[in-house]
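The structure's right below; bear with me while I get my questions together.
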Amino acid sequence: MTILWTRRHILSLADFTPEEYNAVLQTALSFREVLGRRTKKVPALQGQVVANLFFEPSTRTRNSFELAAKRLSADILNFAPGTSSLTKGETILDTAKTHLAMGTNMMVIRHQQAGVPLAIATELDRLGAKVSVLNAGDGQHEHPSQALLDLFTLCTLINSEEPRLEQLQGKKIAIVGDILHSRVARSNLWSLTAAAAEVHLAAPPSLLPQEFSFYGRERPGRLILHWELDPALENADFVMALRLQRERMTDHLLPSLREYHQRYGITHERLQQCQPGVKILHPGPVNRGVEISSELMDDPDFSLIAQQVTSGIAVRMALLYLIAGGEKA
Amino acid sequence: MTILWTRRHILSLADFTPEEYNAVLQTALSFREVLGRRTKKVPALQGQVVANLFFEPSTRTRNSFELAAKRLSADILNFAPGTSSLTKGETILDTAKTHLAMGTNMMVIRHQQAGVPLAIATELDRLGAKVSVLNAGDGQHEHPSQALLDLFTLCTLINSEEPRLEQLQGKKIAIVGDILHSRVARSNLWSLTAAAAEVHLAAPPSLLPQEFSFYGRERPGRLILHWELDPALENADFVMALRLQRERMTDHLLPSLREYHQRYGITHERLQQCQPGVKILHPGPVNRGVEISSELMDDPDFSLIAQQVTSGIAVRMALLYLIAGGEKA
Amino acid sequence: MTILWTRRHILSLADFTPEEYNAVLQTALSFREVLGRRTKKVPALQGQVVANLFFEPSTRTRNSFELAAKRLSADILNFAPGTSSLTKGETILDTAKTHLAMGTNMMVIRHQQAGVPLAIATELDRLGAKVSVLNAGDGQHEHPSQALLDLFTLCTLINSEEPRLEQLQGKKIAIVGDILHSRVARSNLWSLTAAAAEVHLAAPPSLLPQEFSFYGRERPGRLILHWELDPALENADFVMALRLQRERMTDHLLPSLREYHQRYGITHERLQQCQPGVKILHPGPVNRGVEISSELMDDPDFSLIAQQVTSGIAVRMALLYLIAGGEKA
């Protein structure tokens, strides 16, 4: 079985094709199998350099990419903004060019400003560099690898041996929480509407402006906005809670955490109106008792949170592998 | 020669059996041999993941575990609490579970609170995870790998080819310094009394409460407390000085550093009342001129401090290897 | 072709011989070839430990040494001064001895104080340790690997297949900027005057004391000091701009950045008085629009900055390889 892949950078899911989604799912599946072995390593990227340029600090996503790269036998360069040349007045593009000159093959980039990974990719292309850029989260814009690992988690739940985008067609998926500020939500909106799912967004009005319906225009799936939780949960197959930044309180976008939990927190009781077998997702880290009740989070009958983390390694291996254009594991 | 090992976690030495001590000594001996080769590596843990979860910062112990894991060809995940999800409100157990979901096989855990490694191990066992937890220092409770490397250093000094716990029987070992706050001392009390050594503790009353005699109850060895240094040193075979935290001064538990050194500092002169050939140990880092005189610390006829560091790599390789249950190097 | 190499430490270029310069150039050339392969790795230092002791923070140089060591299959220990035992009162020599006891084979040392790498090397030699020390920048003293990568960049530009020190004989090289505080300049003065180049220094009087003519005494090359830029640039073959620390302003050693750029900044216009084909170098990170105009920095017809970074990996591989005394790649 041959996988065609022509995309050099992964910056956004806005124009991902069904073939690309399925290529990621299929490749991630073969790496999930590798991770089940005692020796969880393949030599696919031996001698290649993956640079983790995390201008915005992150342990979880950086660890996941680092472990994925190690499983592919790549060498890793970790960029720590605190002690870096940036504090000496170097520009972000200069930092990227320095890593290019060191022989980096792939750059995994996180930045607090939307568009930085794209700007770096554009400049590297202009220079004729054969380097790939992977957006690991840029401002409130996109977080493609998170949405792809969510997709892999959902599709392998439906068919563990042959996950495909089409399996989500018509499924009702509720996304609950701070949608306005969430790059995770935005990337998921692209993938889930591409899958022809029925996506219901639920959040207080201050965190869910009407403009969000834009993401559903001319897409196979449907997008419905709610300012209350219950209509989003009703008959839902999956519920994805988003992380609530505590700073939102001080911005006066939200009342207290307790009131938030009462109105939008996911609990066992609230899930009774969903489809039987409903599952919950969360990109982590969770504020226990805020987005999700502590009991529900620890209930393996409902929570897919651990599976999401595990999927993250396989999906990020797949992304690095596909953009490297290497041979199969 | 077959080594039986059934313990999954190494959290405390309180219930270590003589067979377990000797298994560690014997395994560490074979790894010490590996470290003497030009290529100091074995493939024993290839493809396995060791996560260093150091919630309390440490360079020395973390480096030692990291190098031990690399020598066994494992992959390492380093957790840096400063930039981590902990600052985003994630609990310690959630951090551990995230590392579990990433495919971690062994967690090396240091925390400023006693009991955290045990709590994590208990939760991971409850979840049915086949993951091992290694306590790398928890509050003032225990630091098992330090006591085991001390034991290996002492026993290989007595018999470099066949170190065994029984070789310390009847040896007089003085432990000097801030015993009250020392996890190193507590783990050493378990191992040395298990070895039937005669352990003499010497410290100011404020740093050595009577309750410490508890550690000697119903153990093969003897435990004697002193509030003066000289009776502890008299005829001692080995002297172990403990690190003095400078914060103790501001807590009014101690007079000046100078007075401390005069009363409890180890010097060439003071060692004259010990057995000929007496050796000194210190877990490091040393406050030169406080716990030990600078001249003595640099005197290779007396100091075992460098050997302790070297033993640390071999012993930590042995611990990782034994709990992984892998084949021999 | 056999390379003779007897030097254990690389601390300064003051007494480097032409044979040693050429051994570095030749070895770096062979590693540059390795870096062109798809699998950019050789097993030359497998199982050996390289410790990066960067007491002064640095991303760029540390990354370059780390990647060089990984390309040689060595294991790396990274020392982070912030969280280290130094904050617990340990001396620098004790830190080095701890790394020695852990089995370190090579120490790459950066420190804000001149002479620290030498002091550590001297102490390790006194102890009979077979460990190599590599100075990665000490105060305002030296930065040998930077000058050697500059040399490799220049010589491979002249003859990409056979770079040799002698190729710089009679070449006019201008070094411009904060020479007084620059370890990069000092190391380059040793190498360029050894190569019999004609070295012209240009800087404001406050940053270029007359004493600098010392570096040219009894050397094959010539050294000429200028307090204006134009005579240094006239007919120059190469122009090396140095980084300007912004702190110099507050020290009242310099007027404004704008005035500095007007008098000493390198621009397309200013380069018209140089030899046709003139190239510019900069050790990075560059303050765009201060030392070099932003347009010039990005002009591949003039800038060698990216090549310097690339040369850095090959040269540092060569240095680690030569002092390790291992077999050829």
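Letters A, B and C name the chains as they come in the text, with residue numbers starting at 1 for each one.
Assume a contact is a pair of C-beta atoms (placed from the backbone, for glycine too) under 8 Å apart; a residue touches a chain by one contact, two chains touch by 3 or more.
Note that this is a predicted model, so its numbers are computed, not measured.
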item: Between chain A and its twin chain B, rotation from the CA superposition, multiple of 5 degrees; value: 120
item: Numbering shared by both copies at the chain C-chain B contact, with half separating same from different; value: different
item: Whole-Å gap between the CA centroids of chain B and chain C; value: 41
item: Contacts with two or more other chains, residues of chain B listed in rising order; value: none
item: Contact set on chain B toward chain C in their complex; value: 35, 37-41, 57-60, 63-64, 66-67, 70-71, 243, 246, 284-288, 305-310, 312-313
item: Chain C to chain B touching residues, read off their complex; value: 46-49, 75, 77, 79-80, 83-85, 88-91, 94, 97-98, 100-103
